[in-house]
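Some notes on the structure that comes next.
Letters A, B, C and D name the chains as they come in the text, with residue numbers starting at 1 for each one.
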Amino acid sequence: MIEEISVRYLDSFTGNKPADPILIEGLPGIGQVGKLVAEYMIHMLGAKKIGEIHSIYFPPQVILEECGLARLVRNELYIYRASGKDLIFLVGDHQSTSNEGHYLLADQYCMIAEELKVQRIYTLGGFGVGHLVNDPRVLGAVNRAELRGELEAAGVVFNREEPGGGIIGAAGLILGLSAKRGIDAVCLMGETSGYLVDPMSAANVLAILSKLIDVPVDPTKLNDRASEMEKVIEGLVEVNKVQKDEELSYIG
Amino acid sequence: MIEEISVRYLDSFTGNKPADPILIEGLPGIGQVGKLVAEYMIHMLGAKKIGEIHSIYFPPQVILEECGLARLVRNELYIYRASGKDLIFLVGDHQSTSNEGHYLLADQYCMIAEELKVQRIYTLGGFGVGHLVNDPRVLGAVNRAELRGELEAAGVVFNREEPGGGIIGAAGLILGLSAKRGIDAVCLMGETSGYLVDPMSAANVLAILSKLIDVPVDPTKLNDRASEMEKVIEGLVEVNKVQKDEELSYIG
Amino acid sequence: MIEEISVRYLDSFTGNKPADPILIEGLPGIGQVGKLVAEYMIHMLGAKKIGEIHSIYFPPQVILEECGLARLVRNELYIYRASGKDLIFLVGDHQSTSNEGHYLLADQYCMIAEELKVQRIYTLGGFGVGHLVNDPRVLGAVNRAELRGELEAAGVVFNREEPGGGIIGAAGLILGLSAKRGIDAVCLMGETSGYLVDPMSAANVLAILSKLIDVPVDPTKLNDRASEMEKVIEGLVEVNKVQKDEELSYIG
Amino acid sequence: MIEEISVRYLDSFTGNKPADPILIEGLPGIGQVGKLVAEYMIHMLGAKKIGEIHSIYFPPQVILEECGLARLVRNELYIYRASGKDLIFLVGDHQSTSNEGHYLLADQYCMIAEELKVQRIYTLGGFGVGHLVNDPRVLGAVNRAELRGELEAAGVVFNREEPGGGIIGAAGLILGLSAKRGIDAVCLMGETSGYLVDPMSAANVLAILSKLIDVPVDPTKLNDRASEMEKVIEGLVEVNKVQKDEELSYIG
């Protein structure tokens, strides 16, 4: 019988425990902000894959890789062995398709963190505001009040009314569920329109996260992607303006 | 593994059994009537928190408190130790997101009532009528026919056709499921439009509940809030009237 | 912990086994045809209640009875002790709200039939055709080919293409699942528009069922209700015709 | 209690193990392509039924067969005993109605394959492109990279970007889940509009599958059906063109 959720570590990892690790979650979500940051860090730091998570709560499909190779929807764990303080990344294709599955998966992620003796969790996400943002802020949430000061010092904004609706999905639930296991967790949310993949927002989250964990990550390529995206958006805004002018002249 | 539903009592409460308690349920619902009444009573009586309920049937998110502190969606239990007859309150952020979860949670609430040797349960809710109501009535339902007389004497209206669709969610299910455990339960429903948070309706429910349980609660602040809401609604009605007039003059 | 499905027999019934019983299912469905027939028979024959079924797969609400008494949504079992051949009725407020629940409940009904040594099951339903029907036929389905002849002799229509979409819900699933337990089962479906409660269709189903089980049931009151409904529909058709004429004269 | 998924083999099959079998899955899906191919092969090869699968994850209904005989929604297994290499077919009425059910059923299919010592699985499906296709290609996916060459040699197209959204349902999940059990699996997808049952696409899939498994299947009847369908579509296109012309002349 298939397990509801299965975690499998690669043989190369087993018995090779991480040192005082930090867990960074960047699953798909609003503006793909968290996913962009975590996958960019994995790429730039050359983090190595250590495990896979499969679940019947993911969408019932396979993903096709370049060579026509089909694989189950999955989440993945990567490790970057920094000096004295390892980084573990949780990334993947999808989050749960059901409400209950969200809880069960998020609790599984916290169980993994506990097993690997994770010292702190950073969950990354986007904070959708519904309009274009020029200089996206990085908003924060914590699962222990004492964590807030350190984040504010690094430039994270805490705003009593934002996000008013709470934090939905893994980025939020991990904060709530890790508290029960005594693990500190922090959520960094890049402000974003919510309409488009947002590398600008991701770049700002990366800058702050990099500072907080004291692991330098060259932001050049992400900034390049942000600049390209900025041009795309300027183009869209321009087209939109022309259309509005035309509508007006038509009415006029 | 995460429990589907977990109940945790605070240490300060354990071993400190309530005396002949009454359970008052005021979870979110139509017009937030039940929630308003129960939370107002907790505030005015200075009831103390004694426990928390978490569940995978709640929405998969965390709530942000003022200081950016994230916590799981939850229901809470409070106690007010009246002389000889304690009040226990069940309040919270949300009800279940699934049909099955509604049953499982409501049964858990009844199990709590049984454990705490609750003598009677009051569930509070709104009864949505789809239009503004000037002097909202308080409708009742019971899980044992003999309970009806006492309620009618206190001003509760029993109307054969209302609510015709039954009572949906915790306020209703608790009545049905507590009967199986031999616990008397009563539902008080404040008539409400169903469109807006309704402190007027809540004030009427409070007045009757306060009489029924013989625990005086100063209604001033709730009445003030009702008055404010009344002005807001008058404003809305006025705007609406003006618009209609304008439409008519436009047509004319 | 609440059971997913619970069956409780009244004390008066326990140990008082039915003789060679027939089970008649008339749960809510298209045109309420099955429900009308089964509840009419219970009423006219003076059948006695013998049990209740509750389930977390029913809608999460309570029903209010006349005196403001709340009770859980439920299905009920009734018995009519005919000479030598008892009739058991399965009626109720609702069917399952989930697909899986439909299977689990229908299987539970078949388990009840097996326990009570039911010889044959009749499931009753409506067959929605989407337009008004003057003389509604009674269509049939069986779970063993040999049952067909007897039904055709009683006036049941078997039509290769009807209902093309199969039979959804309890009336259908009971046929499929009882076959696995070696119990003969037959579905009688009254043709109906599907838009309105349809006592005309129900009267035709009753006439055939009564003949098949050889238990006379005075149809007068059901026929009366059908006549009333016919007048209501004639009224609606008339109004509709007038409106169409007006539209035509407006266009013309 | 009903099992969530049950597999029952016919007595005639038990103890009569297939020789080095290949499993061919053709459940309902886009354009019914897979279903058409598998059921056509069963018909033309005279494959014999060996088993049935029932599940609470299928739609809650019965299907009516010609004589009014109701049967549960099911999937079926057939065998064609070719010389030295048996073919097993998995066909049926429906796939799962829930996401979790898709995983549980697909895993069950893989368990069956493992028990029967299946050497390779072919899953068949349609690849919806949203417009009419003149000469539909057959796209492929594999669960082990080394399988690709053999398929390309037989005319299967592997295209890095197709299908971009992955493969949803049984045809996809079987690939992913059989890999975990060490069984090679291949998906053949016939390009199709996705709007209509598509025997043209099915004929192309059949031609390639027949070549790959080296079992000749006379395609005449499927080609005939494809020709008929082509005429139907030409008719629809013609009607559409006339309508557009009329609209234009109306505007003009």
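Here is the rule we use: contacts are C-beta pairs under 8 Å (C-beta built on N, C-alpha and C of every residue); 3 or more make two chains touch, one makes a residue touch a chain.
Here the structure is a predicted model, which means the values were calculated and not measured.
Undergrad: To reach subunit C from subunit A by way of touching chains, what is the minimum number of steps?
TA: 2
Undergrad: Please identify which chain has its centre, taken as the mean of its CA atoms, farthest from the centre of subunit B.
TA: Measuring from the centre of subunit B, the most distant chain centre belongs to D.
Undergrad: Could you classify the subunit B-subunit C contact as same or different, where same means more than half of all interface residue numbers appear on both copies?
TA: different
Undergrad: Just how much do you need to spin subunit C so its Cα atoms sit on those of subunit D, in degrees to the nearest 5?
TA: C-alpha superposition angle, subunit C on subunit D: 90 degrees.
Undergrad: Could you put a whole-Å number on the gap between the CA centroids of subunit A and subunit B?
TA: Centres of subunit A and subunit B (C-alpha means) sit 37 Å apart.
Undergrad: Measuring from the mean C-alpha position of subunit B to the mean C-alpha position of subunit D, what distance in angstrom results?
TA: Distance between chain centres, rounded to whole Å: 53 Å.
Undergrad: For subunit D, give me the residues that contact two or more of the other chains.
TA: none
Undergrad: Taking the touch definition from the header, please name the shape of the chain graph: line, ring, star, complete or other.
TA: Its topology is that of a ring.
Undergrad: Once bound in the complex, which stretches of subunit D touch subunit C?
TA: 1-2, 56-57, 59-64, 66-73, 97-98, 101
Undergrad: Which bits of subunit A are touching subunit B when the two form their complex?
TA: These residues of subunit A touch subunit B: 96, 99-100, 102-104, 106-107, 140-145, 148, 158-160, 163-169, 172-173, 175-177, 179, 187.
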